[in-house]
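Mind having a look at this structure? Questions to follow.
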Amino acid sequence: MSEEFEFKPMSFPPAVVARISPELSLQRHLAIGIRPNLRKFEEFRNIEFNDGGLSRYGSDDQIKNTSVLGSSVLKSGNTTVITTITAGIIEEDLPAHEINDDAAAVNAVFAKDKTDDSNNDIPKSQLDEYESIYPVVEVERGRVGAPTDEEMILSQKLYETFLHSKILSKDSLKVKVGLRSIDSQGKVDIYYKDDDDDSEDFGLGPKRSWKFVLYAKVKVFSRSGPLFDLVWASVLSALQNTKLPRAHIDENAADIKIPVKMRGNHGTIREQYQIICDAISRDPLKLNNEAIGISSNFGIIDIDEESIQTLQNEDSMEIDSKSILLTDIEGEEEEISSKKTISIVSDRDSKNLKSLTIIGNVSNDQLRKSFELTKFRFKHFAK
Amino acid sequence: MILSATERSYLYELLQQTPPIRPDGRSNKQFRPIQSHIGFLDNSNGSAKITLSDGSECIVSIKAEVVEKSTTNELVSVDVDVSGHRDDTSFILNLQSSLKTLYLKHISSESLNLTTKFAYKLFIDVLVISNYSYPLTLMTFTSYLALNNTYLPKITSSVDDKEIEEQPTFHDYEFNKLIGQFPIVFTVAIIGKNYIIDPNIEEMEVSDNGLIISWFNGKPISPIQNVKLNDGNLKSVKPQLILQSIDLVKEVANDVINSLNSAE
Amino acid sequence: MATTIDRRRLLGPANAKPLVFAPLPEEYQQKLQIDASKEDDIESQITRTFIKSGLITNANGSSFLELDGNIVSISVYGPRPIRGSFVEKTTLSVNLEDNTGLFNDLLNKKFCQYIENNFLSVINLSKYPKSGIDIFINIISVQDIDQLYLKLLSLVSDATTLAIIDAGIEIIDLVVSSFDYENNTVLSYIKNDEIVGILGESEDSIENLSKIIEKTQKKSIHVKNALTTHLISTSQ
Amino acid sequence: MAQLIIPGDDLPSHSTDQNSQLIIGPGIYVNPINKSIIPINSGLLNHQANSLYIESNSRRYIPQQNDFVIGKVIGSFGDVFKVSLSNFSNSVSLSSMAFPNATKKNRPNIKNGNLVYARVSNANKEIDTELECIDPTTGKDGGFGLLEGGYLLEVSLSFARFLLFNPQCQILNELVKKCKFEIAIGCNGLIWIKSDELKYTLALSKCLEKAQFLKQDELNKVFNSTFKELGL
Amino acid sequence: MTLESETTILNRVDGSASLDAGETKVISSVSGPIEPKARQELPTTSALEVIIRADIGVSNTREKLLEDKLRAILSQVIIGHLFPRQLIQITSQVLESGEDREYTSKELSAIVNSSYLALIDANIGLSVSFAAQDIAITESGELIAGPTKEQLRSSKSSHVVVYAIENGEPSNILFSDSIGTFTEDEVYRVLAIAKQHTGKVHQKFRKTLQEKVEKDFVWSV
């Protein structure tokens, strides 16, 4: 029994087509000159910032009892990124000759040749003077568990780009250690040697030095496309309102029990603690501001002709080149279809670039176009 | 505890009557008989074991340690282990947190004080070997017995040892009893408009909600919280039912305390 | 918290120690002082509260609530299929993620237990067999963790109610919670006078429990009106 | 030496008139979008009038129709045996009906771990590959079926094809002069040898392994020294 | 700068190659097409699993970022439709990083090149050949191809560029990753210089592949 089939074309509403075949849906959109998220081809999403008032030193001089030193809430499209900056203290191991004079004398006698030339023939790395923050990125996805690949990649790319952009110098993280003096009535007062008055260091200064380690906790809500630009902007805006507390040494080492959770059992470790941070006095974190710029991403979509032929109606504007440059990729269709991508991180007045990643066969003029767009975007970037 | 639909509705109807008819014929303020042993662990300062009539069994051992007051912020530490439950589930952590807040508040630090620098730290280890009903009441009864029979070594060196360097020294065999009042906790199951004390496994399975009320030297004390006694059907509770449950506990508490004190 | 070694996260040098802050001097303490009247005045609290639902797109339901420095974001995923054998009632799981670092493990579990009890008696569980509902509580900022943590718990419970409604999950009635500052007690109501959750942790929570119940009942009615007006306004 | 070709190189201008059917072999890929023909493996280009393929060496066997293969039986479900042609690849199926005069009742006595010499009857990448132990032309076993005893060794796929199909290959003729043996060569790089004594089998396997890296003229010398080493 | 490479160095895998680029030494191995785990399977194409092992210590987020970059390159060239629902596994072990831990450009370019040779050795279908070149721009703005550890350490910016090679000639960019401080026209100069150098790198590989083919078919008459 031969029953012949005839194929009737099925038609789906746009939302269903977007789920079934994102590429086709995007081609149809581009063919009639619009993007699924209704932005123009070269239009960036605007980004709104505020510090969210999560940090200890909130806007007014009210001190909040939290260990967060800087924060930022960023909203772009329907994606929200919340960044909180916290810190830790680490004792710097200073080279011997800086610690005390007799060590230098000892070195002079016994290891004459080694110490002197050992540290000046290795060229100082460009990055020796700079430090990076330690970001942990978490994308809210309704699953509890180990970080996903995207979260790890975002954290590492953030760490590396931040370090190589030379934004945070090592001495801006030095802990300003004050001296505690208790006068007769037992009134405690702490004297901080202000860096501007370089009065001679009255010899009492502690020989040991400490520096801060900065951590950034980045929480992303409702992800709708590549996240690096938003995470970069959020972390940098959080750092710009971060303040570092001053600290003083406490003679009777207060034993602090720090609860730590190792594989489910609740142990506590006892810490000998000498450094106590001041409750109120703090200094803003000094950043190399002209190195801080914005990050932009672009996707290049190749137009495949036959999906356009099927659209014979008049509003299919003829597409000049065979591929279209889209800015600020957002939405599933654009993310899946952009096989070729460009990601640019520029410095403040986008004269120099800090990071550039090109994936796929990108022509030089598409590259030139994206550089222009970053410069153009910078002028209108709402700080 | 799996109950078929008919068993469930039969029990529910039974417990709905006024006064509630319980499967084992108890009144709503009657406890099940318990069997207790005290001081049977010789290398701990205080110990007790209670076995319930439905087979639940709980052992509590209390050990004391001499610690420096300056470096320890809590003089009582509680560790709970219920067989059949991993110890980082919320069920265990909640039990532990209720017990810990209870004992930290109500074990007076003077009774543990030794010298200006040193004090006793109590380690209360609660081990529930098998539990068929909500274990909190059983655990507090057993620790009540254990705490009441804890004997701490008598100190012989001087009490004010601010300047003395060495540790305090103790008498070889003389002990003094840990004095003080200790809290216990009552579990009340609420079914429809009735409330019953000391629910057994079937009553818990059918109950709408459960209430934990703590009791300390003669009056109910916080924390008070509601608790789900079964995984299935939890229902809301009328406020006056909570108040009536508290009155029920007030009626019952004193004779429970007396019977516990009389246990040898 | 000492950084544990975890090669999937960038946790920085292992021997870094967390900051220890000196206690706040007097004049700042007063600023932080909680004035009881403000806590009990439910009217002004409602006007100060900022509520928004449906913010998180990849969750089935979500809500955001901010009051006096407490910021909470709840996202509800479900009812969604679960691996494993058939279950005729949906399983509810609550996890709390705290970005502020102020929550210890016990407090975290206490919050999750309370919220789970509240909504186990309210969600129509048997309507969603062989599925799970997961509630994620994100604590973004806390007003005062020592004295007002139960106030935060009542806000979390109200926000969870909004998130569950936003997720379109069937519930018997709105769970409305209110917090009594003097006796540090939180009570959750449905149908205006039925209690689904109670947690009292102050000395005299029990003596004047009846007084507390009356007061919190009245306050909960105000909160219920606020929630319903919000739901009506956003549903247009 | 033949001309090396690697991916990215253009293929020599083959006759582009459409009528002559161009048969393309392994190593050549027709780009589905723009129908261009490109090399995707590296090796020696074999370019005849209307056929084009790349002779390249590899170790991962990909089943092709009508290949003679040696398989290890790793399981049996119902009346189908699960056979592994190379480690970690998907297992292929060998129906117990695919044996000469097999019926529902008298099934071939094949247990797990046995070696089977078979022909790939169907190798479509969408569905499971199937083997057969019947010579389709004669209906008899035609040398296929269970391989008892003997020794199994692994060689590269191009060497196996060289042994099996290339007439200029002298290796087997040289070995026959040394001793009597049975041999089964699978296109999946497995060779099964059986002779009366273990010593001979060992010598044969050593010779075959060495032969992979010898020119044809060096064969005789190396084989003699190998056999002498084993005192044969 | 020296560049020695050798194929078929491991016998338990389908394809392997080792590469020694002066201070950086890398081994790559390829297994595939093999049976994937259920969650990796893709309906129409073969899944790609990229694993990079660090020279010191356990692989952490630093190697995860390198894996992501390598995957972005290989997914453009590997023809997946030949083996749907199968898995191709590419593992690279860094023997000597030849650079400080803050930099990854030398390791990335060595890994890309050795992965290319390993894929060819494993006879995995590639649509085009490719080669990578790492470049550093010194303080004075001078471009160095294949910088040493010291040159990299004192460089202003470091770049890795991967070019597709057709008919022995670099044709178009496949991937380029730059980090540090650099200007726009430095980018164009880097891309131009990389184009020449990848051509040279490819000539060396062609010689290695010639040796490999001669070794593989030594018995053929």
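Think of it as A, B, C, D and E in the order they're written, each chain with its own count starting at 1.
The criterion applied here is as follows: contacts are C-beta pairs under 8 Å (C-beta built on N, C-alpha and C of every residue); 3 or more make two chains touch, one makes a residue touch a chain.
The model shown is predicted, which means the values in this text are computed figures rather than measured ones.
Student: Tell me, which chains sit next to both chain D and chain E?
Tutor: Per touch definition, common to chain D and chain E: zero chains.
Student: Moving only to chains each one touches, count the minimum steps from chain C until you reach chain E.
Tutor: Counted as steps through touching chains, the separation is 1.
Student: Going by the touch criterion stated earlier, list every chain that contacts chain A and also contacts chain D.
Tutor: Neighbours common to chain A and chain D are E.
Student: I need the chain pair with the most C-beta contacts, please.
Tutor: A-C
Student: Among the chains, which has its CA centre at the largest distance from chain C's?
Tutor: Centroid comparison gives D as the farthest chain from chain C.
Student: What chain sits nearest the middle when you go by CA atom centres?
Tutor: Closest to the centre of all protein C-alpha atoms: chain A.
Student: Among all chains, whose Cα centre is located farthest from the one for chain B?
Tutor: Most remote chain from chain B, centroid-wise, comes out as D.
Student: What is the distance, in whole Å, between the centres of chain B and chain D, each centre taken as the mean of its C-alpha atoms?
Tutor: That gives a centre separation of 75 Å.
Student: Roughly how many whole angstrom separate the Cα centroids of chain B and chain C?
Tutor: Each chain reduced to its C-alpha mean, chain B and chain C end up 28 Å apart.
Student: Measure off the straight-line distance from the CA centroid of chain C to the CA centroid of chain D, and report it in whole Å.
Tutor: Chain centroid spacing, chain C to chain D, equals 67 Å.
Student: Using mean C-alpha positions as chain centres, tell me how far chain B is from chain E in Å, no decimals.
Tutor: 66
Student: Got the chain C residues that touch at least 2 other chains?
Tutor: 8-10, 105
Student: Show the residues in chain D shared as contacts by 2 or more other chains, in ascending order.
Tutor: none
Student: Which positions in chain B touch two or more other chains at once?
Tutor: Expected reply: no residues.
Student: Which bits of chain C are touching chain A when the two form their complex?
Tutor: 1-4, 8-13, 15-25, 28, 31-32, 55-59, 69, 71, 73, 75, 77, 95, 99-102, 104-105, 134, 136, 138, 140-142, 144-145
Student: Tell me, which parts of chain A touch chain C in their complex?
Tutor: Going by the criterion above, the answer is residues 52-54, 62-68, 78, 80, 82, 84, 86-91, 134-136, 140-142, 144, 146-147, 152, 155-156, 159, 213, 215, 217, 219, 221-224, 245, 254, 256, 258-262, 266, 269, 271, 273, 275-280.
Student: Flag every residue of chain E that touches chain C in the complex, lowest number first.
Tutor: 58-61
Student: What does chain C use to touch chain E in their complex?
Tutor: My answer: residues 7-10.
Student: Mind pulling up the chain E residues that touch chain A in the complex?
Tutor: Residues of chain E touching chain A: 61-62, 64-65, 68, 72-73, 76, 100, 102, 104, 150, 153-157, 164, 172-184, 187-188, 191.
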